[in-house]
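Some notes on the structure that comes next.
For clarity, chains are labelled A, B, C, D and E in written order, and residue numbers in each chain start from 1.
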């Protein structure tokens, strides 16, 4: 039945010549990214920041959805909570950004644990729907607490003038924030994928009973994965909120964010380290391109592309690229054959 | 007291309409195990079909409802057979994503064709109402309610009495064994999806008669369908009716005693609670096999 | 009637059956015995089209069945009563039986009466939910459901599973009746004696290959059968 | 794989062609073309209004270019406007305005809606661009101390207050009690507060203020709550869908306030009348602009001239969304011509001092950039058409409204 | 000999059916105990209850003097009980080596780093004879190797009690002989092993004691020789009549 799920990650061995080339290229790319603000236009930095942000969100989703196999359709709840924590603390309590960011992360973790304990017992569609409902419900709660959150009218972080507690970092600043967070997320994912924790998640993904029989405390591992996912997502939301200055519940808890996280992770390749990044980079540039060139048709095209990708690349770009390298072809039709009735 | 009574009637009538919106969604989820995010888009599509027929050819919306249902049936069959069927055995997020892509395509396609303007199907009978003292029962909503109950009932009868209905049930319970009985599962899956889409089309027409709609509303109907399907138990037709009415009543009552903007939050709260406490829904699933495990 | 030649089949990349040759003649009862995991169920699934063979051919009444899906195989006249009965537990006995005749265009009331005649116990329980039947009744219902499709060949997987011996005997008697009505039976069984006594011919399957083949009586007294099961002579 | 990824990223960055370009060109102009930019909701939730706004800008461009272009000092420029789709989301609007800045587009015509306008205004401020908002009415946008964002509309607080003023001014008998139903977004809430304050000022009692979620098509819960209070006037601070729902469901529930109904935004739009049919009759509405608006300017003439010209160009009678967009564009052009320069700072100065009449009414900004000097129009639906009844009267106010079943 | 595992009146109901009914058994330290019984006898349910995958409806499970009744599976596993599954459940997307390493990573008292676990895995693979397939994916293995992998995963946990649920079903005779040797050598190393098997030859060859389950109840218990000639057992397995025939025909 469900043949295509997460694939394990083959990490290139740094000792091989190819490995060194990779390390070198990676370092060069990294250096380029660090130096980029000097070379690139401000608005493009902003676009890149957005790409990094989505890559981080997709990586965070990948921990619970890709590694542990629990398809969360409500990860945006952490994003929103992170954003609102920062906004509320800065706007209402006069905090500066950095301590607020720390609290936002903590809120993400705490909420993931509280929500995860009951909900991670559900599987499959039920888990997906439950998480989605939590996110939608949370949005309504934020809307209904106007004294704290500004309600539907949104809340504005003091970013300019005398009221600003932390000076606004500007496009370059947020570029670096998102870049650093992405690197952190990558490091975390890499670390997780090679750790006992990562192995336990992959075991849970493939067979929860088997995992438990090997001594893996599945409940604890799932909740921990959810918490880690929540942490990264909340931090992303916190930075995003500061960048936006004014945030609204409809945007910060938008189901669209969740869907994009999932789409990016799935199209890139779930359960891999670079899949979500590849997915995020690819889709963000694609949607940007479509938006600029097909002013009114782009959303329709985007929908069509998602449909085609799900049908023909169910294992994600990364896995298909591997397949292409080893067999010199991608078996689009075999993928279809495997999944159709 | 009158206020409470009025709220109850509002909730009941609205709940009937919800049931019609959600019943097809529940059917598809229960039988072919696909959470169809594009369901709301089918509802809206149905509304546009009836609206267009009324506007362009002066066809009465009740007749338009039939046309919308038939058209959606055909579309639903084709979409399942040609698209969704290709990933039917893939992990759940695949089908979720696929139907999400479909939703994007449909909703934005509708915006391109019909613009994002709010529409409504004007009828002579939608606005009047029965009065009992200060309590009113609007005809349009009563009609929608009656039709919803009728269609749900017909569907439930179809499922339990007809040969095809039985085949759908059987396929939902055990696909392999159903095929051993000579049931063409591919056809049954497509048929189930088609019925679901047809019901969505009918529901859409009623939505258009009693209220306003535009393509962007699709998501709201899908979200409500989640709640209704889970409340009622997946694939349980009478359950969907009950789920719709419970949702309608909860919303109406909470609207009376709480801030109006909390209505949705309460709907989701109920859903989460049911998922955790009783994942088989209020009326239980028609199938013995439990899919929600703990 | 049914002719299987050098069949290989399995799940995904895992092969289960190798080089199977097997035939079932007109109005013949053939038993297929062997220990757990030997591949008996896989063989039936390959015949009924649930899984596609990787090699070899399955010919039924002179026509190749390869490439057919289960719903098409039924129409050719082969009924498969799956292991564990797999009744539609939420439906009534009557509904289960009627589903067995799903592909038949004409009214099936004659078949229905015949099944009830064959299994009077079912007649008493027609409107009971299938999930609430006892094991034996479930097996009757499953066989009855298979018969409803008017098969020329009925394949029964693990008829005796979890049933008391006297019940098994009753059911086996019915198979005789079924055969006398013109059908062939391919019976997969654990209850070696029962199967071999009843069957004209039998095959012993061991780790995906045919280990022994012969008439029922021959095999009944062949100690290699016991060995295949118990590992001791 | 990793290698592929790195190469991919590098290529993407390099190929994106987004390297810093040469600077020094005069702001906002390429050759003889003056470039404005607008990030608009062309898809998504607000696409309807976004497209109306775009048409308003386009009409402005057409007329300006037909009249010979924009004169800046001794040079004349053709006007061009680049549009980008913000997908009805504020963060995209902000990003697009940033992109325009990098393309050296300094003059921004506002997006549709308060949220997007607010997001864009923060960026505009940072980049030293200049934005005239055509559809960001929420007062809070202008209370952040931004220097570079101006709005031609009457602010949100006026939307409902205007109806109260009009009713208080011309309705006989004057209503004593009002109930306010409001959506819960920022704009609607600000308008509801403004309306409530005005009602108390006029000596009316506000018997209830009920909120519902933005985009609701079922407001029966709120109506049921209001019904026993028997208000003389029911006011809705709403968008189209909620405004339609209030009237439709009041009819269903037999709610007939002694005076009638008044709603912001919804009643002047054709959809309102088309959707509700006879039930729409007698509803009061506030509008930024109607063809009866007083005032005229050199480019577009009177409001009536504008309506004719627009209809000739686009085939539809203009809605106020079109007019406010054109007015924003007009204000920008007037300020540029006054300044005689394409330097944003200079244009900002002349905008701050702008004080002119136009087809849209007076355009003049207070120290926050709000156009508080322009009165809003109050219309009433009469015989299937919006008729301006206040402050200048095209037709007489029909008051009180008869119950639904007697219409 | 001391008792390592003891169940007392263990019962598990599903609906109205007692899948395991009042089963009391003891497993001595360092012994091999065979569990046999026809399909549906409740053997697997018994294991599921002992290892915490199912909560017992009644009765107690005592492991090494501690009451572990109703403990969660991972707690039971970490206490030193490891099991295999009747239907092999390898982690499809991990290599054979990684599969085995998982056992070592989380096993009882030996929570080890990934690197150390992978080294452990190599040892275990060597022992079960799977070294050559270390980098393969489980899906590429033939059925015999899949069974061996299942065993290797359990072994890597360094358990004190090993519960093997049909690890020999579907193996060829030569492969079965290998497994028998392996089980014997494991016993020599001090392990206590419970073997659930249909393959009687194997059970009789390795067990110190055989327990027969039938319809959820303990039908018989004793040394293998006795059990093999126990009428009730033959009856349960081959059917009443065949049993009779064996008796009458003597040498049939």
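Basically, contacts are C-beta pairs under 8 Å (C-beta built on N, C-alpha and C of every residue); 3 or more make two chains touch, one makes a residue touch a chain.
On a predicted model such as this, the values are computed, not experimentally measured, just so you know.
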Any chains in contact with both chain B and chain D? A
Labels of chains that are neighbours to chain A and to chain B: D
Which chain lies the greatest distance away from chain C when centres are computed from Cα atoms alone? D
Compare the CA centroid of chain B with every other chain's and tell me the farthest one. E
Pair joined by more contacting C-beta pairs (A-E or A-D): A-D
Gap in Å, rounded to a whole number, between the CA centres of chain E and chain D: 75
Mean-CA-position distance for chain E and chain B (Å): 49
Where chain C and chain E are represented by their mean Cα positions, the distance between them in whole Å: 30
Residue numbers in chain B touching two or more further chains are 108, 185, 259, 261, 264
When you check chain D against every other chain, which residues touch at least two of them? 43-44, 184, 213
Multi-chain touching residues of chain E, meaning two or more other chains, are none
Considering every pair of chains, which are in touch? A-B, A-D, A-E, B-C, B-D, C-E
Tell me, which parts of chain B touch chain C in their complex? 163, 166-167, 169-170, 173-174, 176-185, 286-289
For the complex, which residues does chain E have touching chain A? 51-53, 72-75, 77-78, 82-83, 85, 89-95, 98, 101-103, 105-108, 111, 113-114, 117, 153-154, 157
Where on chain D is chain A touching in the complex? 1-10, 12-13, 16, 18-21, 42-44, 83-85, 87, 89-91, 94-95, 98-102, 115, 118-119, 122, 125-127, 138, 140, 144-145, 183-187, 189-190, 213-214
Report the residues of chain A in contact with chain D in the complex, numbered from low to high. 12, 18, 21-22, 25-26, 28-29, 32-33, 36, 39-44, 46-48, 50, 140, 143, 150-154, 156, 159-161, 168, 170-171, 240, 243-246, 248, 250-251, 274, 277-278, 281-282, 285, 291-292, 295-296, 298-299, 318, 321-322
In the complex of these two chains, what residues of chain E are touching chain C? 38-40, 139-143, 146, 166, 169-172, 176, 198-202, 204-205, 228, 237-243, 245-246, 249, 251-252
